[in-house]
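Take a look at the structures below.
Okay, so chain A shows up in both of these, paired with chain B first and chain C after.
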Partner chain A sequence: MNTFFEQLLNGIAMGSIYALVTLGLTLVYGVMRILHVAHAAVYTVGAYMGLFLYSSTGSLLLAFFGASIGCAILGVGIERFVYFPLMKYPPFVPLIGSIAVMLSIEEIMRLIAGPYILTFPAKLPFPDLSFSGIYVSSTIIAVYSITALILLVLWYISSRTELGLAMRAVSQDISISGAMGINSHLIVSITFVIGSAVAAIAGILVGIYYNQVYPTMGAVPAYKTLALIVVGGLGSVSGGVIASMILGVAETMLIGYANIPFPRDALAFIAMIGVLMWRSEGIMGSSR
Partner chain B sequence: MLSSYAITIGTIIVIQAIAVCGLNVIVGFAGQISLGHAAFFGIGAYTSAILTVKAGLSFWTALPIVIAIGGLIGLMLGLPSIRVREDFLAITTIGINFIVEALFRYIPFFGGALGIGGIPRIMLFDIRMKGIPFFFLCLFFLCIVILICWWFTRSWASLAFYAIREEETAASAMGISPVRFKLLAFVMGTSMAALSGSLYAHYMQFINAGDFSFPVSVGFLSMLVLGGIGTIWGPVIGTVILGVLPELFRPLVDYRILFYTLLLLVMIRFQPGGLLGEKSLVKNILSRTFKRC
Partner chain C sequence: MVAPILTVNGISKHFGGLKAVENVDFQVFPGEILGILGPNGAGKTVLFNMISGVYRPTEGTIDFRGERIEGLPSHLVARKGIGRTFQIVKPFTSLTVLQNVLVAKGIMKYGHLSRIWGPWGSRKDINEAKEILERVGLIELADRKAGLLPLGNLRRLEIARALVVGHTMLLLDESFSGLRHEEIGRLEALIRDIRDSGRTIILIEHNMRVTMRLCSRIIVLDHGRKIAEGEPKDIQKNELVIEAYLGRKGVLDVP
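== the complex of A and B ==
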């Protein structure tokens, strides 16, 4: 029974990290209707920046803030130089642009940091816990608390502030919201700032959780999170978070218990095709 | 001098061009985005490999079966395209690619992680096809595929395709069944991919699930977009450019892939319609020079 709970906790941690990456993707899809594959590259850059800042200053807090700011700049750069000029073309043009950005960033990281796996020896400011035999590592506590904090802040921004109102307006209709006096391009950029900063935090958390950082760490999440935003309902933030949590737990459980010879990375896509056939607007999406 | 190196590059480019022409039917003519074309390329390769290695058929008797199976699976996997559109379809086809690759890799019948080896070369008039003769055989198949595409753009069906691509609702109001024509596009496109996969298997003589992974699909779509979507010669030109460039960049050694991806980015950023598409640089220059004459 204890292993079951430990597996469950691991699964939720995995799901939390997926949720943080999916969040940015959903926000970007909401305002721009673009599949932002390069988001996973931003997350890789975040992990490297965090590792660099942490190993040079020794402060984890500084690593989180520095990497978030760096990735926010990177995200806005991608939006301004690649996506915005390609908005008027059919959706696969920005998609290919996004994939090209992602491959380029992966290569740049490989050339700068080398192709090998680096370790992330983070010292967390709290100890491992254990409740009646269930062992909870300090990294899991860090993942849980940071995810909860980010989700809370984002919920507050989107539902209680004027910025959130503007973001929701832009994601409903970008041209009408422009006509209503909202600077829609600024809102799009702010969305990229938020999404990319959260991706950087997710990257650092993954680095700490698995204790490894490498140039292609974004390759699998890049496409898996695409499946997740479909399962959650394109553009629905809460749906994306729920879908991520379910996938994280399901993947961990399947590896731990059912010994099926099937790769866990295909699971997200099988779930996605099932959802598309059964309820194509996703679990939380609104039917259009 | 035609070194064997140049012939290898040329053969691979011609084989890929066949697959990209098939993708052009789906994306360019029917307007259905597909990011899983490598799956069908792989299905063709694996079917041909299994039929020749395990069932002992020759390439020529296996070929119609390969094309039929490729088309049939294309028909089944084209069904999602009726239900989902654009962004959903893009992600669905990515998913199909990942699932097909996983099936190849994890089911022992498909050779598992080891892949299938010892695929025989194609025999034609009692000659084992390799090197220059094989290159011309592939070129012959490419010509047939291009002819089919050309003939297709002249037929009545292409008008229906363009109508569906531009405005699906209006097309169906005019009595054109989107279901039938979309599926027709998927069947045509995937059987071309299966043909190309079969040639690939008999050329490499060894195939592995990794040869048909998602980045290959991205490569196909990039070739198509760069060349010009919906044109006859665009797929071929795009394949040649993206096939030759990595070889030209070989002196850059470690920076090679970076230059390649950056070039792809610059091209998609400044020529999103492709080199032969509407309002493209090449087309402008061509039309300007011809006007002057």
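== the complex of A and C ==
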């Protein structure tokens, strides 16, 4: 029974990290209608920046902040110099551009940091806990607390601030938003800043969780999060978070209990096919 | 002679080889309702899109209260006090009627990074938004999702949003199309009321009777060119207009 709970806790941790990456993708899709595949590369860069800052300064706080700022700049750069000029073409053009950016960043990281798996031997400033025999590692507590904090801040921004209202307006119609005086380009850039900073945090958390950082660490999340935003309902933040949590738990349970030779990374896609057959708009998407 | 509030000078918009608007001039004076008539594809909406900053004119200038506004992005034009509606109504469907108006209320804040992090919908903003909803007759529906409103109410909502933004001038793009007879009367009264409160209005309209009744002056476009300008009674008699737009005379015989 204890194993079950520990697996469940691991699964939720995994789901939390998926949720953090998926969030950025959902927000970007919302305001720009672009599948931002390169988001997973931003996450990889975040992990490397975090590792570099941590190993050179020894401060995790600095690693989180520095990587968030670095990735925010990278994200806005991708938006300004890749997506914005390509917006006037059909949606597959920016999508291909995004894939190109993703592969380029992977290769650049390989050139800079080498094709090795680096370790991220950080000790998070959270206690290891044990409840009646169930062991909860400090990493898991860190993942939970940081995810909860980020979700809370994002919920506040999107539902309570002028920025959130403007983001909702821009995601519904850019031309009307312009006529309402909203500088939609600024709102889109802020969305990239938020999404990319959160991706950096997710990258560092994954690095610490698995104690691994490597150039292609974004490859599997790149397509898995695409499946997740579809399952959650394109553009629906809550749907993306819920789908991520379910997938994290399902994957972990599958490895823990199923004795069938089943590739766990396929699960997200089987779920996507299933959900699309059942509800083509996703679990939280609105039907149009 | 009163100085014009908006002066459009030699404006053209070409899309590749298509001359959507070609060398159009006109002036709009404070407090008037100017009508723009013309058959489909005459360039009326393109003209609006140039004034409101959606398109940059290929040639020509637009002067609003002494400032050049051609080529400005639409959010900056909006901030100068020019509100507009769209031919195809596009409310923010997932927001309520009140929230739709509040989006427009935030207008000055969205450009300032430091000011967008604050909460939206202050007591003052909500009260002002409700006053506007009261004025356009939507106050009872304030908390309804905008996506669920019928067309007549959506047109009013569009005008409510345009009123918040357009404290100086409103551009109304076919606000009467698709409305039932009794709704047309109410909307006419609303537009007169808006003009009487001191705003200048330009409207694009297909409904001839309404245009003749509401507007103090009318310009007529055909194939992107201005073919006539004048008071409704003169436009009614203009041979060019009758030929280009109406084809037959009877339609213009307004009681």
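One rule holds for everything that comes next: the second predicted complex is superposed on the first by the 288 of 288 C-alpha atoms of A that agree within 3 Å, B and C clash if a C-alpha of one lies under 4 Å from a C-alpha of the other, contacts with A are read in each partner's own complex, and residues count from 1 in each chain.
We adopt the following convention: a residue touches a chain if its C-beta (ideal position, glycine included) is under 8 Å from a C-beta of that chain, and two chains touch if they have at least 3 such contacts.
No experiment lies behind these values; they were computed from the predicted model shown.
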| item | value |
| --- | --- |
| Partner chain(s) touched by A:Val230 [first = chain B, second = chain C, both, neither] | first |
| Superposition-derived comparison: chain B or chain C, residues of chain A touched | B |
| Partner chain(s) touched by A:Arg160 [first = chain B, second = chain C, both, neither] | second |
| Chain B versus chain C as contact partner of A:Ile117, first or second or both or neither | neither |
| Which superposed partner A:Leu149 touches (first chain B, second chain C, both, neither) | neither |
| First, second, both or neither for A:Ile182, with chain B first and chain C second | second |
| Which of chain B and chain C A:Leu61 touches, first, second, both or neither | neither |
| Footprint overlap on chain A, where chain B in one structure and chain C in the other make contact | none |
| Footprint of chain C on chain A - complex, ascending | 157, 160-166, 168-169, 172-173, 175-187, 190, 286 |
| Chain B residues touching chain A - in the complex, by the definition given at the top | 27, 33, 35, 80, 83-84, 86-88, 90-92, 94-96, 98-99, 102, 105-106, 214, 218, 221-222, 225, 254-255, 257-258, 261-262, 264-265, 268-269, 272-273 |
| Chain A-facing residues of chain C, complex | 52-54, 73-75, 78-79, 83-84, 86, 90, 92-95, 99, 102-104, 106-111, 113, 115-121, 161-162, 165 |
| Contacting residues of chain A [partner chain B, same complex] | 29, 33, 35, 81-82, 85-86, 89, 91-93, 95-97, 99-101, 103-104, 107-108, 111, 223, 226-227, 230, 234, 261-263, 265-266, 268-270, 272-273, 276-277, 280 |
